[in-house]
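Mind looking over this structure? Questions follow.
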Amino acid sequence: MLVPLDANGRINEAELRRFINWLIEKGVHGLYPNGSTGEFTRLTEDERRVIARITCEEARGRVPVLAGAAEANVKETIAACELYHTYGARAVAIVSPIYYRLSPESVYTYFREIALNSPIDVTLYNIPLFASPIDLNTIRRLSELAKIVGIKDSSGDVAFMMRMIAAIRPNRPDFTFMTGWDCVLIPMLLAGANGGTNAASNVVPELMRKLYDLFQARQLDDAMKLQHRILELFDLMLNPFEFPDGFRAGAEMRGFNFGLPRQPQSEAQKADRAALKSTLQCLLSETGFVDAPAAGCAPRTGNVQQDKLEQLVHEVMESLRAKGML
Amino acid sequence: MLVPLDANGRINEAELRRFINWLIEKGVHGLYPNGSTGEFTRLTEDERRVIARITCEEARGRVPVLAGAAEANVKETIAACELYHTYGARAVAIVSPIYYRLSPESVYTYFREIALNSPIDVTLYNIPLFASPIDLNTIRRLSELAKIVGIKDSSGDVAFMMRMIAAIRPNRPDFTFMTGWDCVLIPMLLAGANGGTNAASNVVPELMRKLYDLFQARQLDDAMKLQHRILELFDLMLNPFEFPDGFRAGAEMRGFNFGLPRQPQSEAQKADRAALKSTLQCLLSETGFVDAPAAGCAPRTGNVQQDKLEQLVHEVMESLRAKGML
Amino acid sequence: MLVPLDANGRINEAELRRFINWLIEKGVHGLYPNGSTGEFTRLTEDERRVIARITCEEARGRVPVLAGAAEANVKETIAACELYHTYGARAVAIVSPIYYRLSPESVYTYFREIALNSPIDVTLYNIPLFASPIDLNTIRRLSELAKIVGIKDSSGDVAFMMRMIAAIRPNRPDFTFMTGWDCVLIPMLLAGANGGTNAASNVVPELMRKLYDLFQARQLDDAMKLQHRILELFDLMLNPFEFPDGFRAGAEMRGFNFGLPRQPQSEAQKADRAALKSTLQCLLSETGFVDAPAAGCAPRTGNVQQDKLEQLVHEVMESLRAKGML
Amino acid sequence: MLVPLDANGRINEAELRRFINWLIEKGVHGLYPNGSTGEFTRLTEDERRVIARITCEEARGRVPVLAGAAEANVKETIAACELYHTYGARAVAIVSPIYYRLSPESVYTYFREIALNSPIDVTLYNIPLFASPIDLNTIRRLSELAKIVGIKDSSGDVAFMMRMIAAIRPNRPDFTFMTGWDCVLIPMLLAGANGGTNAASNVVPELMRKLYDLFQARQLDDAMKLQHRILELFDLMLNPFEFPDGFRAGAEMRGFNFGLPRQPQSEAQKADRAALKSTLQCLLSETGFVDAPAAGCAPRTGNVQQDKLEQLVHEVMESLRAKGML
């Protein structure tokens, strides 16, 4: 879940509550505040608590809440687990230790200490791009602890998902495997994953839900067609923007105000963001949930930089045409 | 394709011919000599030619041959393309430049030069672990050249496969996408790949063919069950051995003599290989194509080091038991 | 600077004050609280403030304080800059954004925003192993801002230090270059660096100071002899332990109580730590500042795992000998 | 050593002999054919032999020859060792296995096999950027073999050089340590290295020799001033060009014809090379060995892309001025 901020960069509580309700109405199966998409490392400890509390309140039992509970150290993390338990979260998700790159033994010891002291079920969060990787053997060892009930894996590696499932499910049939790599949700589900916790669900929750439903109905050809569209959308929101700003830009088009971002942007970046947002709007308009820009859309080539340029040229030409200058 | 050597490390022509025939009988759709599994960089130029020639001869038109033709430089590579064309190869596969890590522009220029001068169709070979990566935009640019007809991608990245297909197939519907990552063949086929050029086909060609056929028949649940077994086998042959020696060890169990390897092994490595081979034999015996070791098999845990140890203990115990000492 | 904790893992204020005084008495040129060695990411916001305050208080103007001021986001970081300014810090050090890997443009924008709003001089902190790298061009651009007065670089790359100095010093002769890679302090000083902010100064501040003084006196042969001893010590504290626990173990031998670490340790890790600490004690005893273990020291081989083993064997043998069993 | 080619890309024997003589006259202490700068992987086996033979012949005992002898496999490599021994080479240099990334144990076994069968002294060549890394423990183990007499390390890591020397020199005082990272030759010599095998010696052999002599005379301030100029030159030849083409471009300015490169260049790359070469000529003209371009030189900024642009603008302006158009 993204976090709407106000014009001063503070949490916009009213918009957050509206956003949560919208997500539930659009069919998400659960809510995951304080993840990477929620920029948990850019929030203060107090802010993370406020967001977890609001999410649990606003969910009102309609969907379960998986609350990101990683704090500065084990003691603080356990305190967050206790608090989020009282908020009514279904489970917490805890990212592997950040900043320092820890050995597998230390990653194990870290999660073990938390699992033995948490009153609430714990989900591991593996995101090797940003945090200490949790390797296969460590996950297997951790799956022996009753309080650890699942993993969110954002490696994007389908073979790794298969290895995890093969290693753990025989002994823990209840263990939940989720992928954070939106663009291969269907291959991951085919590989045996239970579901996804996906940034794209902030922008097109209906489509992510439909993707899941198509797989459940074993309509794989249709599912893969939709998966290809999600890939295109995901790539445009992920790469040319600084994560998770592309997803903020997308969610803004769905009618939400995300306010001033925490990571400052230069004037050049703001101009670039506007141009990319226009390309993104064209792409999103094909989903039917978003209007095309007033000036219309240039044909896309699949090359982001070129698409951005062509859309810019297109809009300038349209503007000149509108003024009768062409 | 692996290359059988003799006790002195020279190409074992008779065994190579026997191996080729066996592969074809077992159902492979094509042959790919002088790839990474064929240790092309450990062969001399003359040896690579001999292997390409023998493969084309022995195939006798029953299946197409995709011959690895990368040589020291563009001129030598084009000469190999010309020669393999006269041998009757269907196409050549050319790995991206090795050793130096070239820029995308130089990778493009390298392949362009070859494509413009080759009399035979060219397949790109992307293996970023070992050679200069061929990025998406470079592949797209190269797909505009008529002589370039496909790509073998060994990145193992399903999303990358989807991106390639989305970028190229609209303009080149005939372009062929193959994966070199055996353990995710089904997800890759689902993503739109045409097939695989897989090291495991040297060991269980029947199973790799069956995997493909199950996908074509859209029996995805059975396909994924088999895919999981292939993953287990692939991981055991890939990781604990030095590539491609695990695949050599596997093919030896199918009744072929692979001789003295090119990369020397220490006594400790030879002992370790014997222990791993025993674990591998147990795994392969489950396919029904290979007998279990005489002493039987210990239960597997999925942890290679532990499995190796347990199998060793098992065999020692059985041996003592056989001698009436237990 | 390391942070002494108590038996419950809370900041041990009395020991921290004693440690600060000891460091100053032993000759350090300055104090740097809330750096990587100070485990700033494992502290709460409040704890970081307490440590900065105590350090400034206890320094009492005897040496300047460079206070780590990185917080969750730009706004919080600027607030810390303001606060540490009132504490009397000479400057702040700010690590490049953590967790997310930002583009050079975003790294620039981040530091620019801080520099334009900080009342206190700012030092960049580049540690590409753990945080978004600050590349050469970004450092050059940032050096154009008056409030940015230096960089601490922990890349350990001497050529990079030379490149930074060549690019910046002509326009900013006052810009300060410090290395965080203790084991090459002399090569870095030779390359033009102004000094070091080194973890080893927590353990052997006298030797790090002497290393600097030998260079200033241009006694390079003696300096390099000492540098080689520092390298040996640094490597033993850095690699086999989880950072910065090896430095904690070393400082404990100088008579300080560092208490319960923030990152939990398994029983196996605790046993390993004890064995490594014994090897470390032997190495430190050669400096003359630390007594050898009662049982004496085995000869060292330079191979950490082997040294640890030999020291263990040595201690067991001595123990048996002491009991008259050998 | 670079290899002059002719207009068709074949070895230009006359120019090669002239180049060798020039290098010796300019003061190099030895010759190293068939290294990375010599593009050994882009040569055929026969070509590598020709180059080694010509180098040994032309050296005529004036300086020792360290001949790169790595071939496709151990057997071929030993054959090259035997041949180069008969040519009169002082020793061979053998790069760690390429393409496949081997384990330390396999790297050890590879070099051990060669060392036990080579009639000529062997130097290890560690270049982790391009080939399997040779780690510290493996180097130490290999240094126990009498035939292995030294290492060329191109990691550029001064601390690693210190670690190697500390681990090996006590037992092998005769072991030779050479750095392949031109821009930190002085720090490496200070760290204890014996010398360098440097690509820049193809372009400014006098300066590289002078750098070494200044260190031997312990004129470290002058040495570091020169080292900074070498860094600037090295960076310009290394990064914006595709290695080793920048060094080819530099050597061309010293009066040699390097002919058609093995790696083809696009028209855009050729134009870019011409622009970079002009910037390089300006930099080289400051050494006094090369004339400035006829149109003169723009001031340099240290930013390669900007320098290239400013030099281009400068040349266009001068050209217009010369034609009286400005």
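Which chain is which? They are A, B, C and D, in the order written, and residues in each are numbered from 1.
Everything below uses one rule, namely that contacts are C-beta pairs under 8 Å (C-beta built on N, C-alpha and C of every residue); 3 or more make two chains touch, one makes a residue touch a chain.
Here the structure is a predicted model, which means the values were calculated and not measured.
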item: Set of chains adjacent to subunit B and to subunit D; value: none
item: Any chain in contact with subunit C as well as subunit D; value: none
item: Chain separated most widely from subunit B, comparing mean CA positions; value: C
item: Whole-Å gap between the CA centroids of subunit A and subunit D; value: 48
item: Distance between the centres, which are taken as Cα means, of subunit B and subunit A, whole angstrom; value: 36
item: For subunit D, residues contacting two or more additional chains; value: none
item: List of subunit B residues in touch with subunit D within their complex; value: 9, 36, 41-45, 71-76, 97-103, 105-106, 108-110, 112-113, 129-131, 242-243, 262-266, 268-269
item: In the complex with subunit C, residue positions of subunit D that touch it; value: 137, 140, 156-159, 162-163, 166-167, 181, 183-184, 186-187, 190-192, 218, 220, 224, 227-228, 231-232, 235, 302-303
